[in-house]
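Following: one structure in structure tokens, then a few remarks.
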């Protein structure tokens, strides 16, 4: 009963502390909210895939066209040559979300705009662009000049331009192949024949290219998953884990502050045993972490529409995290001799291990990064907690969460025994 | 002189805890390496391309041609196999970024001009998944075009003179396809990519040096983290009534503030100096190509961060508040300022808002130096903005400190 | 041990490295009395109290509280005592009532009994009206009172108070001293440490004087006074330092002892009226001019001075 009284007292105190509340609930929600703003601000009404950033592209279209090239149809007046078609495509409404096109009169001023950081990418379409597309021997080079700090958008624009070149050059290339085959067979097609072949090829390749790939979600991933919610889930999950361990240590730190304020010594003048005091603290810390995680996960569900997975998996993760966060808190605090060293515990012990442990939350999308981050993460207890949470979110079932839960249990046991031993020695 | 005495006293208090000092140097280095390593897609694999599992259920010349084309991809690396289940397991373990199945009948359908779709399994929400999808779409399009050209050439030949046998027809198609694919590999219009970086930055392949982002980013974040110790000194001075005692001496309030400011400025600048040296020597970052620019950025960010530390010190009433007032802005300003993730990948609105964070200005300045290879003139604007932050924080501190009596 | 002994301390020793904090002390506290441990700061009072309240293990010797050894029956000892620590030890973010309720539970109290007792203690320490306020917002005196109140909750047979009046205003101090006497009247045994001899004089049945870890005197107030004989102390101030004056006074009839400390000169005499004129005469012979006189009837201060050659306050 005394143990419960200590637990109750500790919990009352931590929930009264503005500081503790700010770290328990304020910061994790704040950071997730920040990411929501960073990535989610432009999410459409359907909550579709989060958009890639918009890049400013300055185009210098120097294409002089070709006497052999003629457009017909509605747009004939605007579109004089292949360069026009390319710029038309780039500044079209479908790509408006992705790129913002402006024009420059020559290559120099286009590059200068990038140098002045007014645009991210300069696209220089050469004078012989159209000719290269249709005249047999002509070749041309399109220049893509970009700001070196950009990592994604040059690749995107490159893909767009390459695809356009591919389809525009298709008839010429196809014709080349056919003519070569005919010549090999001893035939020599005349100009009229070539013209008609070219028309057949153009007829084939005109129009929107067909979708040649169907993408389905990996096994276990909910097909209707909201990608923003999925990303926020990782961030929020990471924050929850990170700050659960923070809470573990701050709550355990009350042992130090009680010692500093003399209440711990006073406790030991009452008929209470050391294990009771430590047990009460442990329980208070564990329950506080439990409350914190439940509140945060519920908030994540309600505010950000994050799906944490099935209840048993989530419950197991919360339980395991509460255990290991508490034990790690007791362990870390047991290493301290004075209140002055607390900064070390929060700095090194928690911030560094925490960031390593939840790193996968931030690299979820980075190519090749996640598996590395995941392997690193398992060197720290936060990583196990994060892994359990993610296994639950992926819907991989209780069996997938269990190993991580057991891992957390193992960490807990080790931390608990070292921590309690050190404290018992200190106070005996 | 009193200001310097006070600053020296502060510094000795802050650095007395040598472990904290080590923390302020070691943790940014660890995170610089870690962020850099992770975002460079490291992991000991020399091939940076995304690993993609592939099962060929078609086994025709066209599916083989697709594999050939994919072999040349700069985006994905194909790991072909027959055991779908085994590949699926690898996908689940995230050893593969995606799994592609070429369906049976793929070649025949393509020859008929109604190509089947490739069946790709990947995380649609991830960049990797989208990259793989794009690359496959482009490659399949090429193959489809080539196939169409080969098909047409066979038809044209047939119109002139029917093939002796279906085998001969097949033979002609295969030959035409091979030619077509080779032709598509050499399009008449090529695309050259060139970065605007000046030669100064290009020396050590800065373009691919992912530390060029993480090094200044973590420097900024941990400059703010380091304010905890320094601001605590101010709070403790007030709590222990040493401040009141100081005020009974001939030192003015302004000098007291200036002394605290100086100590923080020195501490942060020293932190920057060591971290910049580390980046220069061990990470292959070219901070040195224009020392003046680097110095301007380090000085101005140190000035801004010290101003922030001063404000935290005079605002906070307890050590706990110091931690709160430091760590919360640290997360917000670093995250928003692009210290973790480049601003480039954030939406436009955020990119605009980002510059309310001094970290964004610091990132701008160092990106100009490290990645764009620009000189001191490119550091003027960001350094100026940081000095404005320094001034603003300091003014707020003075206003607040005037009313602080205990 | 006789049945009416509350605390018995036998050859108690505690060393911290080279520092002999407590170096072999013996005393007994009878049931129902107020027993003061008097001594300057650093004399070993708090170390002694800590061993009696089971916070420190003695290096050697033994402490029995209500017949229980602190070594073998710490829980029984703790149940029998209520400790008022020197530093205020309470939870500032909890209210007065919450603090009392929590500590009551620590002493094993529950339910209605606890609630009733908390009300009684709040009344006793005069905090009933402030029961719901967080104790962190209390004045220094209120915190002191709550600090004491916590130790009274479980009707302890022995109340141990470690310098409870340090650093508080005279009014609060008065109310604490009155409170201690009231508790004693209700039957509690009180072990009280202080370095204010007035408190010891006013409160105690028995007084033990500690210095440098040793017990240098023990007895009732009257017994201790008798140690210095019924002598009166005269403190004299000169206009200027004059080393010749001490030997001159030593020669005066009726002077038993002369001390010089911190510029104050003290003379122990049997009859101040008879000796005083002669002190002036003697001073004149060595060209010393007396500018101030303070006559002190025998008290514990004099006892301490007599035993150690130092004033109590100076530690």
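We call the chains A, B and C, going by the order they appear; numbering starts again at 1 in every chain.
What we mean here is this: a residue touches a chain if its C-beta (ideal position, glycine included) is under 8 Å from a C-beta of that chain, and two chains touch if they have at least 3 such contacts.
Note that this is a predicted model, so its numbers are computed, not measured.
Participant: Name the chain whose C-alpha centroid is farthest from the C-alpha centroid of chain A.
Facilitator: Checked the centroid distances; the maximum from chain A is C.
Participant: Specify the chain pair with the maximum number of C-beta contact pairs.
Facilitator: A-B
Participant: Using mean CA coordinates as chain centres, what's the chain A-chain B distance in Å?
Facilitator: Comparing mean C-alpha positions, chain B is 12 Å from chain A.
Participant: Cα centroid separation between chain B and chain C, in whole Å?
Facilitator: 68
Participant: Multi-chain contacts in chain B: which residues touch at least two other chains?
Facilitator: none
Participant: Give the residues of chain A that touch two or more other chains, as numbers and ranges in rising order.
Facilitator: Chain A, residues with two or more chain partners: 17.
Participant: Can you name the residues of chain B that touch chain A in the complex?
Facilitator: 17, 19-20, 23, 27, 30-31, 34, 37-39, 41-43, 45, 48, 50, 88, 91-95, 97, 113, 115, 117-129, 131, 133-134, 136-138, 140-142, 144-146, 148-150, 152-154, 156-157, 160-161, 172, 175-176, 179-180, 183-184, 187-197, 201, 206-207, 213, 225, 228-229, 320-321, 323-324, 327-328, 331-332, 335-336, 340-342, 344-351, 367, 371-372
Participant: List the residues on chain A that touch chain C in their complex, please.
Facilitator: Spelled out, the residues of chain A in touch with chain C are 1-2, 5-6, 9, 12-13, 16-17, 261-263, 265-273.
Participant: In the complex formed with chain A, which residues of chain C make contact?
Facilitator: Chain C reaches chain A through residues 53-55, 75-76, 78-79, 81, 83, 85, 87-94, 98, 102-103, 105-108, 110, 150.
Participant: Touching residues of chain A toward chain B in the complex: what are they?
Facilitator: 17, 19, 22-23, 26-27, 30-31, 34-35, 37-39, 41-42, 49, 51-54, 111, 114-115, 120, 129, 132-133, 138-154, 158-159, 161-163, 165-170, 172-178, 180-182, 184-185, 187, 189, 197, 200-201, 204-205, 209-221, 225, 227, 230-231, 340-341, 343-344, 346-348, 351-352, 355-356, 359, 362-374, 376
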